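A quick write-up on the structure given underneath.
Should a chain be cited, it is by its letter among A, B, C and D, assigned in written order, with residues numbered from 1 in that chain.
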């Protein structure tokens, strides 16, 4: 990941930059590849400082664009969120902490309201509809053997039974005993299968990220094109 | 769309929401009124005293974290998990205060810090040791995942905690922390509702709360009748979903799609 | 917010950016932007304390404070004048993004050892987790197809069908949990985010 | 160490040995490309088919919700998607509700596609608005009134003055949004755009959503792909390599596939070894 450079840099400062980036990477990876050490701690603190400073600058920039500029432009309504924003800092003063309740109410209220109202449709109703929709003939997506003429009833039954068992596992105020027990145990196995597939996809993600870091070393050393 | 209802979106979604709220409210009132609703037992919760006892025997500290949680309590996917983790923190801190074990809490969530400090201070006071509480044991990392992680890994390697308790909205830091804990042989109990971290935490932790079990466990610990009441409401909704699945599957087998049509109103 | 989602267009003055719900959403965004200082104050406290107590980490905390101040000044200069000085661009491209990617990828190491250490078929649960994981891995890696043509077939079945019951249960149960939490918050029974002990 | 079987020794192998083996196995293949065949999976094919429906002049959104640190898994799919939008003659609006380093990602996409950005005119064919925090709150605002969130583009040109945005100020005129995610920003688009209040959509059809994020979304998002809430799903570098094959432009993802193959085989062998070791030592202990 050579930031916005299409070819190997020629400007000495840019070259210094990619070598410093390489040094910092190796400093961080000295922790797993070797052990915790001063060079690792130096890189660790460098990153904490960088991300804090840049985080503040970016947030202040967004704040200026979305609040200060409209305010200067005469829209005094924006004074309210700015004042409420300062009220957040009363969180640090135990005695006056109640002041921070109002900005937090807006923060939580606005995002919760959105989430709750819009959640049932895609996350519950669509999922039920999708489970009880009979497979179309010849649908490759579901088919155990692509293009089976009658559609993939095996997979349909697998998902149907699996959804019922997994949902039963998540009954929280009923003990999993008696007749319910085998169903919840089966439910737990379906959940483990899902988590296994999830793990397989996570490995792909993590290894792609690490591969890109390995590729970066070869790029800085000039062994592969940028 | 029904003429007399001028609705922006699907009627069924509104119906499900109203039914849910009605159920939640009803069972919260019943739970408040003394109806005994028992949350099922979780092995992970029963293991917390064992983890603290292990720390006391070994004279080692306990590492506690509620994870990245997208850096804010206001994130509605992770906020509830962070809060559940903080209420379990209260329980764990009381056990630590009782047995003189040092517990250190790491988080990148800036706006959760005051609540954490208050929870820990209340726990120490409840055990009659208000001055044992040291605010610097609650360390925050400014909404940034990577600094929080590198500091946690460094601390775990340096302090070698006996137990690591990881309850909350975790992201990829859970793998690193749980693996670092494995390296030094710490006993680890985890709990998250983030599906992407579940495989790792199940693989690396000794005990695990999966998805909603985290909320149920924190409600059981804090004895919060409102939450327990709404959990029963959730279970009733789960039965509703199960019934519609059962009926829908039978209808699908006979090629009838009337229920699907109903759900798409 | 919920009224806006369901009936917004029919209640005058509620929906849309100029009106109440749009205004509330804009305010929430601004408040969240301003809350960043909370974390900064705490983090600086921790590092100043390390320096004042001359702990073994004091030298690193001193470096943290110096480098943070230097970068913040550069950033504020850019904010005030709109001119991004070269050191700021240089640090952003070569330190911030590189270290961010490096730390994000560090998990690859732990995934490898976590898989080796933990992926044991100790019981039926772990065995199923293991089988699902291996077949999906061999479907994702092109070499799986070369080893045996069945791997992509089975792996894709696991991805398209095998994992669906568990994932669907997570999605539905997660949604129900969010609605319960939201309802408790709406009627004031969820005090946690006000930073009061729940 | 006498009396210790091979399996006991394997149990105590220092984890750093694995870390070195993994890092070398991920790096060396870049030097010696294997070029193994890559078959396209249904969810990537559906994504590509969705891109093929773009007609000349239609507007789509690229939402960069993945950070620079996730380039290894997310950048190639974005590059291939922008290339295909250009092939289709579509127009592109780009913003980010995810990470504050999206400027560098967008610059990298432009640097990687000179053949696209030499013919595209900024402001007419594509617009870049940059980062704005606010997560789901922001996505809902963008649905109804883009100008309320982005008053001007990154160059400082007022949104109203941009030719591309002349008659576009809400989501109704946007064909679909391609969301590149490491977290869960795509659920905001599914909830607020695809399943949002329908009557804002003058055209009667809400914009569709497609996901091209990290490989883990192949699990998390598959339920939304199968329920039709996402019309396409490109997950991780594997999905991106498939998309690169479909678009006909070999990029970083295809190159990375060799490292993925080597490292995955190593990991599967390590897991098998570990399990054989466990059963062997368990057999000895009995």
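By our rule, contacts are C-beta pairs under 8 Å (C-beta built on N, C-alpha and C of every residue); 3 or more make two chains touch, one makes a residue touch a chain.
Keep in mind the model is a prediction, meaning the values are calculated, not measured.
Chain centres here are C-alpha means, and the one lying farthest from subunit D is B.
Comparing the chain pairs A-B and A-C, the larger number of C-beta pairs in contact belongs to A-C.
Each chain gets a centre from the mean of its Cα atoms; for subunit B and subunit C, those two points are 16 Å apart. Averaged C-alpha coordinates put the centre of subunit A at 4 Å from the centre of subunit C. As a whole-number value, the distance joining the C-alpha centres of subunit B and subunit D reads 29 Å. Residue numbers of subunit A whose C-beta contacts span two or more other chains: 1, 3-4, 28-29, 31-33, 41, 44, 47-48, 51-52, 54-55, 59, 62, 66, 88, 91-92, 97, 104, 107-108, 110-112, 114-121, 123-124, 127-131, 141, 163, 167, 170, 191, 194-199, 201-204, 206-207, 209-210, 212-213.
Looking at subunit B, one finds that residues 8-10, 13, 17, 20, 73-77, 79, 111, 114, 118, 141-143, 146, 150, 172, 195-196, 199-200, 202-203, 211-212, 231, 234, 238, 241 touch two or more other chains.
Looking at subunit D, residues 15, 19, 22-23, 26, 42, 68-72, 104, 132-133, 135-137, 140, 149, 195-197, 199-200, 215-216, 218-220, 223, 226, 236, 238, 260, 264, 267 sit in touch with two or more other chains. Remark: subunit C residues 2, 5-10, 28, 32, 35-36, 38-40, 42-43, 46, 49, 99-100, 103-104, 106-107, 110-111, 113-115, 117-119, 125-126, 129, 133, 167, 170, 172-174, 176-184, 187, 189-190, 192-193, 195-198 touch subunit B in the complex.
If you check the complex, the residues on subunit A that touch subunit C are 1, 3-4, 13, 17-18, 20-21, 24-25, 28-29, 31-33, 41-57, 59-64, 66-67, 77-78, 80-82, 84-86, 88-89, 91-92, 97, 100-101, 103-120, 123-124, 127-128, 130-131, 141-142, 144, 152, 155, 158-159, 161-163, 165-167, 169-170, 187-204, 206-207, 209-210, 212-213, 216.
Chain contact summary for the complex, subunit D toward subunit A: residues 16, 19-20, 22-23, 26-27, 30-31, 42, 68-73, 100, 104, 107-108, 111-112, 114, 131-133, 135-137, 140, 149, 151, 187, 190-192, 194-196, 214-220, 223-224, 226-229, 235-238, 252, 255-256, 259-260, 263-264, 267.
Per the touch definition, subunit C reaches subunit D in the complex via residues 4-6, 8-9, 15-18, 22, 25-26, 28-29, 32-33, 92-93, 96-97, 100-105, 108-109, 112-113, 115-117, 119-122, 130, 133-134, 137-138, 140-146, 152, 156, 159-160, 163-164, 167-168, 171. Partner subunit A is touched in their complex by these residues of subunit C: 1-2, 4-6, 23-41, 43, 57, 60-61, 63-65, 67-68, 71-72, 75-76, 78-79, 86, 90-111, 115, 124-126, 128-137, 139-141, 155, 157-176, 178-179, 181-183, 185-186, 193-195.
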